[in-house]
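In what follows, chain A forms one complex with chain B and a second complex with chain C.
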Partner chain A sequence: MSAPTLRHDRALAAGLLLYARSRTVPRALVVLLATAGLAVWAAHSLNAHIDPDRRVPVVALAPLFAAAVIGSSLHTASDELDRTAVRPWWRLRALHLLALTGLAAALLPVAVLGHTSVFGPPAMIRNTLGGTGLTAAAATLVGARLSWLPAFGYVSAVYLGAAGARGGASGVWAWPVQPEGGTASWATALVVFLGGGALYVARGARAEGPRS
Partner chain B sequence: MTLVAERRRERSRHPLRAEVVRGFGPWAGAAVLLMLTVALASNSQQWQGGWAETRERLHTASGLLAVPLALAAGCWHGGRERRRRTEELMTVSARGPLARLLASALPLVLWVVAGHAVATVLAWLATWYRATGDSPYPVTPLTDAVVLASAVLAGHVVGRVVAWRLGAPLLAVGGYVGIGVLTYGTGENALAHLSPVLDGTTASVPVWWQPAAMAVWAGGLAAAAVLAFAARRRAVAVLPLTAAIAAATLLVQTGDGLWHTGPVARRQVCDTSTTPQICVNARYEALLPQVRKALSGLTGRLEGVRNLPVRFEDRPGRPARDEVELPMLTPIGRSVVRGRLTDPRQYAWEAGMALYGRAECDRTDPRVQRIDDAVENYLAPSALEKDFDEMYAKGSEADRAELREQLKARARLRGMGEQERRAWLSEYFATADECTPDGVPTL
Partner chain C sequence: MTTAAPSSPATSGEPLSTIRVAGLSVRHRRTLALDSVDLDFGPGVHGLLGPNGAGKTSLIRVLATVAAPTDGRVELLGDDVRDHRRRAAVRRRLGYLPQEFGYYPGFTVREFVAYVAWLKEMPAADTPAAVERAVARVGLADRVDAKVKTLSGGMVRRVGIAQAIVNDPDVLLFDEPTAGLDPEQRVEFRELLRELGTSSTVIVSTHLVEDVAAACTEVTLIESGHVAYRGTPESLTALGEAAGGVGDNPIERGYTAALRTHRASPAPALAVEGTAR
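Moving on, here comes the complex of A and B:
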């Protein structure tokens, strides 16, 4: 490998590391791991093998908190400084969002292995994607540090209001509490993820001044 | 002159006004309102029309959803000075730390409680529009409002202490899990009575001091946190903490005695002009005309028939010897939705089955079964009867023979004269709950 290429790779790696640290990504990774661990413990202690429906709190709350972690990690204290740099930020934003979402979507389903058809890994992955889409959109609209608020309000309202709602339009609006990986709930979660993700990747998190 | 007057007016605005009308407060209030509205509206058929059901649903939504959100909102707001980097600046102000904390936290409390209040009023309006009897229960939402205010204050203190970006969402999810475990924890869980979610059934009401004890328990904890963090003499925090512990002890010690059947639920309103008489629980008294109309076919055909129960009763507990239970109107969302009987025919069939069900018998003689079927067909047939007949008609030879016998029995009962049928039915109802076929009159 030639010297300039090596230097370029090292610079790229250093840049990525700086980017990750400026977004407290290492801490977000640790919290995501801890969330997955807690989800495994919670699903186990709920004795879900008796009734898979008992996993609803885990399937609703663990992805919600993971989405809050990812949403909060989109904040940077060096926002104004970043704006002075001439580089395509959208790639880093996309990489950041996809990497953390992928990690959460890979870790959280471990908690609900077995009984795959009812509140199993597909539901967990769907909720992780949908929740992250919500927080990513919220980060663009209200700021990354408060991005958990809309997702938390929506998912918890649906959790209580639509418990047991099946069929009809409930697959669309009550997607976080649908037991199986139904087409409507998956389509909604994917649209939310792609829409929210695209909005964030294109615009970045809303600038938060000292008054926010 | 005009300019001077305008300036004076501007100057006279209270400094707290900006805290109240601007910033995070309105958003938090809107979030609470929106969340409660969505949670309530999406299953309104299960509570609209019943005041106790509305109380329960509001109480659960407030305790399980709004309290974690209030904790998180308080926590987020508590970290505001740190995010603005104005902590040091604030310490040089003339007011003490407690006044500064309250000036910052109370506007948020106001907005969160306002969001809850608007959601409560909306739910009440929805129920008032389709009310079936009873009256609103204002004490429970008031207690919930105190619990919410306490949650905001406690969250605010956490936000001041914990300098972590994920503090607020963690408090929200942790609050949810904590309340869930406290309320629905496994086994005999005496601590559940400390939960802001747990309540009795729709027929029960709390003892008069339960709301006060719950308010002291939640408010005492929040006040202790606030005073321990910001009071000039922090030891003062022991006072509210002691009050909270005393209230908690009272709640846990009393346990299930905190709730008793409400005076309205013990009463019933009756229509004594029918046979049997029809009584509906006073909580659903407005449904009496609909129930009477649904059962009019059944009661009309039973006029003049003897050996019947005196009335359909609808009070908690088992019916008396000469009464039968009115088919269940509750839980709202099945037989009754938004103050209307959903399926009067099915309801009449259920009422008929309460009169001649033989549900307690392990085995019924085929001849008696045919007679029961004929009575059922004459008085209040099931909506599924036609389907069953068609199924038998397509079944085996034995099924078809049984159907022929059933049709004959039905035709014989319908073909009787009025007097003859009344006498026969009187004889039939004398043995309607007996499992042996001996006394049952032939058809």
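Moving on, here comes the complex of A and C:
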């Protein structure tokens, strides 16, 4: 590699690191790791081999918490200065969202490994994607700091009110508590992730601060 | 609205106006912050005066390309900023100090200024030296590796000034830069303003009329979304003496006299304020 390219790569790495720190990504990584650890512990203490439905709280709540952490990390401390950037924001936003979502989707299924059929890794990944889509959309519409709230409200309502809802239309609206395999719940989660993610990548988090 | 040609820096071949604004209107929900304003600015230091809520910050934010105008045309350095590719080119040559800016958590002064330089896509090879230079120019060389949150309010403001000048901009926009600076720092800042104004177009919004008298080559007074007065600090002072404005020093008398003259004159634009253009 030639010297200018190397210098360019180093500057890019240094800039990306500053970007990550400006969004408290390091803190988000630590909390995501802790969430995954907690999920493993919770899943093991549930004795889920007796009844796989006992995993529902872990499969519904751990991705929700991860999504809340990711949503909060979309907050910027200086929206006004960010807006003066020449560098296109959509790339940084997409990288940020995909990297953290990918990490969460890779870590959380560890908690439910070995149980593929009902509330196993696929359900965990589905809920991580759907939850992150919700918080990303909320960050765009209400601001990153409160982005966890709509997702929390929705998933809690579904979990409390419709934990047993199966099949039919409930596959669409009760996607976070579907056991597995249902194409409806997967399709909904993917649409939410792609829609919310695209909205955030295009528009960025809603300005929060002295001027809003 | 006529603009006197800037006296010192405009050399032949250089455009006289680096900023041209025509029919600029800015609306925040139902209030009209700027009402069809025409202005242009050339190299030099321009003071932007006016009461609270007059539209100074709205004007600066539009010029800084962080807010979009409701209506009208804004040309910076010869480029229309509505086109996003041209806007990017303009931003490379633009510096902006917001009235309030949060700071990124845990950043040192050096990291803060370097991050803004990176966002502005400055050449990587020049950045470290440019950061050092900008921080030294605002007198914070000895605090370059201090965390921003450990600094006093006046120092944070100077960090803001450093990030605005790190790319040696051709257009510099300062919104209330002297708020929180002590008298000695203000004197030093005016010195920096004069130095920057020899090559760049600097617009300074302020409530401190003395800053304008001391450091500006031109004055623009804004009142409820309209341009109330344009001239030099000297002409504003002369107006104050002639019209007998209220104030404790000549330029303050000029400021109040110009405001009152503007308020007393029939303002047709105010009558149609409700009709959006």
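As a convention for this text, the second predicted complex is superposed on the first by the 210 of 212 C-alpha atoms of A that agree within 3 Å, B and C clash if a C-alpha of one lies under 4 Å from a C-alpha of the other, contacts with A are read in each partner's own complex, and residues count from 1 in each chain.
The rule is short, and it goes like this: a contact is a pair of C-beta atoms (placed from the backbone, for glycine too) under 8 Å apart; a residue touches a chain by one contact, two chains touch by 3 or more.
As the structure is a prediction and not an experimental result, all values here were calculated from the model.
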item: Partner chain in contact with A:Thr24 - chain B first, chain C second, else both or neither; value: both
item: Partner chain in contact with A:Leu61 - chain B first, chain C second, else both or neither; value: first
item: Which of chain B and chain C A:Ala11 touches, first, second, both or neither; value: second
item: First, second, both or neither for A:Ala157, with chain B first and chain C second; value: first
item: Chain B versus chain C as contact partner of A:Leu146, first or second or both or neither; value: first
item: Contacts of A:Arg87 with chain B and chain C, given as first, second, both or neither; value: second
item: Partner chain(s) touched by A:Ser78 [first = chain B, second = chain C, both, neither]; value: second
item: Which superposed partner A:Leu33 touches (first chain B, second chain C, both, neither); value: neither
item: Residues of chain A that lie at the interface with chain B and also at the interface with chain C; value: 24, 210-211
item: Parts of chain A lying in touch with chain B, wherever the complex brings them together; value: 24, 31, 42, 57, 61, 64-65, 68-69, 72, 75, 145-146, 148-150, 152-154, 156-163, 165, 174, 210-212
item: Chain A to chain C touching residues, read off their complex; value: 7-8, 10-12, 14-15, 18-19, 21-22, 24, 77-87, 209-211
item: For the chain C and chain A complex, residues of the former touching the latter; value: 64-66, 88, 91-92, 94, 96, 98-107, 111, 114-116, 118-121, 124-125, 127, 163
item: Footprint of chain A on chain B - complex, ascending; value: 27, 31, 34-36, 38-43, 60-61, 64-65, 68-69, 72-73, 76, 83-85, 165-166, 168-170, 172-173, 176-177, 180
